[in-house]
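Next come two complexes, and both contain chain A; in the first it sits with chain B, in the second with chain C.
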Partner chain A sequence: MQRNKIQWTNIAFQLGAVALALGFTTLVLLLADAPPLEAYKNLIIGSFGSTKKFSDVLVAWAPLMLATTGLLVTFTAGLWNIGIEGQITLGAIFTTGVLRALQDTSAAPTLILILAILSGMIGGALWAALVGALKTFGGVNEIFGGLGMNFVATALTLWLIFGPWKRPGIGSMSGTEPFPEALWLPQIAGLRLSIWSVVITIAALICIYILLKGTYFGLRLKAVGRNMRSSFILGIPTWQYMMASFLLCGALAGLAGAIQVTAVYHRLIPSISSGYGFLGLLVAMLVNYQALWTLPVALFFAALNIGSIQLPIVLKLDSSLSGVLQGALVLSVIIMEGVRQRFLKAARERS
Partner chain B sequence: MSLETILTGLAGVLAAAAPVIFAAIGETLTERSGVINLSANGKILLAAMAGFAVAVSTNNLLLGCLAGMLIGSLVAAVVAFSSITLRQSQVAVGFVLALMCRDLSYFLGNPYMGLSGPRIPSLPIPVLSDLPVIGVIFFRQDILTYLSYVLIFAAWVWIFKTRPGLMLQGVGEKPAAAFVRGANVNRMRYIYTLVGGALIGLAGPTYSLSVKAGWKGTISGLDGIGWIALAITIFGGWNPLRAAFGAYLFALLQWLGLVLQPSLPDIPSQVLQVAPFPLMILTLLLVNIGNTEWVERVLASLPEGVRHAIARLIRSLRASPPAALGTPFEQE
Partner chain C sequence: MNVELIGICKTFGPVKANDNIHLRIPSGTIQGILGENGAGKSTLMKVLSGFIQADQGVILLDGKEVRIHSPADAIHYGVGMLHQDPLDFPPMKVIENFIAGSPGKIVPNSKEVIARFYELQQQFDFALDPQAHVDRLTVGERQQLEILRLLWLGAQVLILDEPTTGISSLQKIKLFETLRKLAAQGKTIIFVSHKLEDVEQLCHRVAVLRRGQLVGEATPPYQMDDLVQMMFGKVVSFGGRESYKPGEIALELKGVSIEDYRMRIGPVNLQARKREVIGLAGMEGSGQLLFLRACAGLIRPTAGRMVVNGKDLTGKSYHAFLKNGVVYMPASRMEEGLVPGCSLMEHFVLARDQAGFFVDWDGAKKTARDQIAAYNIHGRPDSTVESLSGGNQQRALLALMRTPASLILMEHPTRGLDIESTLYIWSLLKGRCSDQDSAILFISSDLDEILQYSDRILVFFAGRVSPALDAASISVDQLGQLIGGRGWDAF
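What follows is the complex of A and B.
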């Protein structure tokens, strides 16, 4: 087949995947006795309907994008960093810890914020290092080590909220005592969005893009991900590279957690990661691990999350519809990719 | 604590372990054939919701259980089709399904939230249930718990003592060799993935119709069970007996967490409920550490007597996955 024709086939299969996902979600909506068009309309209005709503999408986009960016590094090294949820959580815990320790001192708020965010990155990196060490020195698959560490991170959060960091009086699921406004990342007037979280996120994406595409480190990391044994034989210190990718991803996940505390919730809450780690895994899979595509796709996924918030109020539907649509998209892209490969192979064999 | 509370508590541990056993043994069978099905967490939730919904609508418990198993097999079929036929990443497909099925269960289960529904009655076994101590612990359970006892031994006999079981081991360890000996590798993988999926699915209604009867959406307390079952599969070294031991240990620890709660008022109950996880990581570490290179190197440098003792200990704990786990097989 000519190149041109193959490209058109690829586009056709990608469109087919989107149609498949929409078809499946529509079927689910019909099963739930819900009007599909109304539901989709609400998803769009709920996310892009006004400046305020779109700014809420960006509020969700920043941590999701940071998590996805980190995952690009571990995926490049061929690692499944499912422990990212725990790494986001530990970032939030470290940030909260530093804010609590310094909030009554005379240090400048800007300095406290910078220290808190940096320690969030360290917290995430440490949690990732544990998963990395379990894999490298203990032979524990990173998927299971990571999952276990996620649960431990959740327990740690709950213990802090109900124990040492509980609100004056009695601890509750609403989280720790909110921080004074001086310790928030400055917000745009009238909106929940802090321009700083967007700036930090884009800066992180650019750094990781350059690191993966333009440096020797990125190239070697890719080699480790493609074929660990040959990379080792060629002299690449494989376990050090794997460890480095865990640390980088953990630091970015920790940064996402720090943003959740300093720019979104202004305190530590039980589900501080908001599931952005797992969602980031879906985004990275959907774009087939290409760095630049993560930006619009993460924005779209964040929009679905925000748009679904009003579903229970307007249509009496559960907001988990966004998760169904996101999962269906990734699944049908994977399936259509398999079908496409078979189709191309069959076409090659015919000619 | 009185003896009676302890005995009924232990009986509760056996019942609570039943769904974990179904799921872990289902996953063991699947992985023995060389397929990783990572979707268990979402699948159990979806099967729990569907089983409850069917049982409520039809007032038929058996149909509820069958619905759960059917859901399990359907989800497993997606994993099998995309990984065996389409040769896409098993981990990716399984992970997406784990998330999507969870959201699907919350979305579709919304109308059934908090409804009261039928519950599987307990079925004391005549004579045996009157035995002192043992009777209370083992033989005053419901039919699903008895089924879990049977499944442990049936799966063990099937894998290690029968011809098809030997073939199954071959398909997971050396598919090419099994193929030469006449095994239809990919068909067997399909079958074991579907059967394993049905068992994992059965864990759902075991919760929603018995162990944690009802459907309460996000607060059903089932989110995470599937991941635990996957960890127990590894802990069990792909052996049903060891997997069952892991499931009982896990249920026992959770029960102890609840029992100890009053004497540890400073620790919130949510923390004790996740107490088994650090232990799970530690055991995974013990099970796997024997497979790493540096342990062998350290062992080699130790004096003879010490080395033998430690090597024996590590070997007794060690478990290696089926060699062909997660890799597709091209049979042409």
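What follows is the complex of A and C.
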């Protein structure tokens, strides 16, 4: 009875959070002199209105989901891997590098693709390892280390695009020379979506879910994240576990970068990470780090991103409206969680 | 300033930390407050200095009733407290620290303040450099800074909590001189300590607390035996002591020294044998914690060799000690022992060696059930550890200790537990000691517990370590005097 009541209160608070976010976004729309209902309708049509549009949502969902999955690992270890943006970028750079090196050889395209994606994972893991090493051996908080490495990654991308890897003639913001279609992850006819990116993403989610829930590694990682000192006293080699979580997250971020190159842009572009790393942080916070919930929420966030694309055309609204809604949602969920805790505490004190 | 405490009561949960305490301290007096750990000294001083509020009772300053709500309030009334660990800001300069606590102006007039600082420090012959950084100062100098600061803020009553711990003997002489000078100026000094010698040298009168009550007052010349008797009370023995058959050496220390910023311990020589229990007695902060942590490999000794089960582990990591059968049980259960958010079952998996890649959760549940029954823990396998009561957390910690262990090191194994839990935990420990050939070293501030369960006792005082004393033949008085820092010349 009591338990039931608490569950209903929780659901009420979660619904309240969504209402709060919608209310805030509506207010922003009204201030911008735009019709809110029309805007929401366009968001929905723009993301789920046709097979093509929904497939575009999945194109955005795959890398976002991979980044979020990686972040589940670092969050479990109690780490804020802000450097994930840079890790995605490095994954894309490594993948592009291998594709460029091997595209003119006689190796089979499938083999080249596999090698390129694997080296993307290694690239991401290396970039994350640097952040981990800075934290473990240099005492640099992973938030600052990660932020710094993000800037370095962006600079590296630009240098490559305008320097060694520039298009014949002159370098441009549109990126490096596109790869031949043989080196693309195979796409579904008529759509931009590659079924492989969806398969890889779901496989990664399942692996990480099992790793966190069913293995000694996952349990120890959780212990390290909850209380490092106790974990150490219990005999867990704490810094090695933190390092391993950085490597895993970096590899998944690198995989996201590799997907961006092989399945979406087919070349290296300046903002290759598309902000999916930061968006992944929001998703992970929103679902309170529960692996299974990331799937629908990441889908929802991807849908907002894609749905907002047609806002400028139809309503003369900037597409950043999706960002407003995403940010407002995370903030209101966190606020409501704080309110809920106080509410429960007050309820306990009354009884 | 005359200080009068009337009927002060303060309870924390079931514990009466202060039980109807009446104390009058006239202006110009140096009042000593004696008592063992947990006697209620700190609570009483915190009430007077505004850190906590009493449940009942009245504070009179110069005959006027005052309500002190915060430390800032206290200093406003003229009551200042000097804490055992200086509450200053180490990365800042001396003069910045001096100014930081002062009320009022947004932009302080440094020149004026520095002049005043020199003037004050001259009075007491201190030699602090106002531009020096606080983290370069010794504990004694930081104490001097704190005294100056409180006086500058207008303190008429100065409370000092264990001020002679961690300062040099010269600084101690200077401190005592200063306190006498201040008393002669009519200030009231309250000197909280467990060091009988210091109290004897300095205090005009002494009040002794035990278990929250004021059990006696004394004036010079002090009868030391009476003070010890008052501090520790009559120690009751729980029936006959079992004889033990010591086995091989589990831990051998050869000339081990340990250091931290406030004390130097050792060199210590010790052989702890299997099936033996060694109690580490002493007031909190006398070095026993550093010593125990060094035995676990958590702190590296600065000199000497440590041999565990015949294997030299000097300088090795804590995890190497753990692999060689040393288990450590910290006192702060939720900070260093258990992982909040993890269930009992998860803890049992964490504390045991890995078997394969995947966790066998069904097997883990069964293990957890068995352990919960064996250690009489009130909880389910899926209960999170933070939902358990203190006694159950402590039993869970015991259940988590790896087996077999040749050396068990424990901080306060039964602190905060009721008598039933205490007896139960010690029966488990004694069982492990004899069945599994473990040696036990434990810290306790409870003399009853030390005398009841130890075979041998090490006494710690300000970093000094006594030889291992036979628990069967030492008297309570003797132990109390050693803990208070007297009678060390015999060693």
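As a convention for this text, the second predicted complex is superposed on the first by the 350 of 351 C-alpha atoms of A that agree within 3 Å, B and C clash if a C-alpha of one lies under 4 Å from a C-alpha of the other, contacts with A are read in each partner's own complex, and residues count from 1 in each chain.
Quick note on the criterion: a contact is a pair of C-beta atoms (placed from the backbone, for glycine too) under 8 Å apart; a residue touches a chain by one contact, two chains touch by 3 or more.
As the structure is a prediction and not an experimental result, all values here were calculated from the model.
When the two complexes are overlaid on their common chain A, residue A:Ser320 makes contact with chain B while staying clear of chain C.
Once the two complexes are laid over each other on the shared chain, residue contacts for A:Val28 go to chain B alone; chain C is not touched. In the superposed model, B is the one of chain B and chain C that contacts more residues of chain A.
Contact with chain B, but none with chain C, is seen for A:Gly139 once the two complexes are overlaid on the shared chain. In the superposed model, A:Leu234 makes contact with chain C only, not with chain B.
Of the two partner chains, chain B is the only one that A:Ala328 touches; chain C does not reach it. Contact with chain B, but none with chain C, is seen for A:Leu282 once the two complexes are overlaid on the shared chain.
On the chain B side of its complex with chain A, the touching residues are 38, 78, 81-82, 85-89, 91-93, 95-97, 99-104, 106-108, 110-111, 217, 224, 227, 230-231, 234, 266-268, 270-271, 274-275, 277-278, 280-281, 284-285, 288-292, 294.
Residues 318-319, 322, 328, 330, 334-342, 346-347, 349-351, 354, 356-359, 361, 400, 402 of chain C are the ones that touch chain A when the two sit in their complex.
Those residues of chain A that touch chain B in the complex are listed here as 28, 31-32, 80, 82, 134, 137-141, 143-145, 147-149, 151-152, 154-155, 158-159, 162-163, 171, 278, 281-282, 285, 317-318, 320-324, 326-328, 330-331, 334-335, 337-339, 341-342.
Those residues of chain A that touch chain C in the complex are listed here as 214-217, 219-220, 222-223, 226-227, 229-237.
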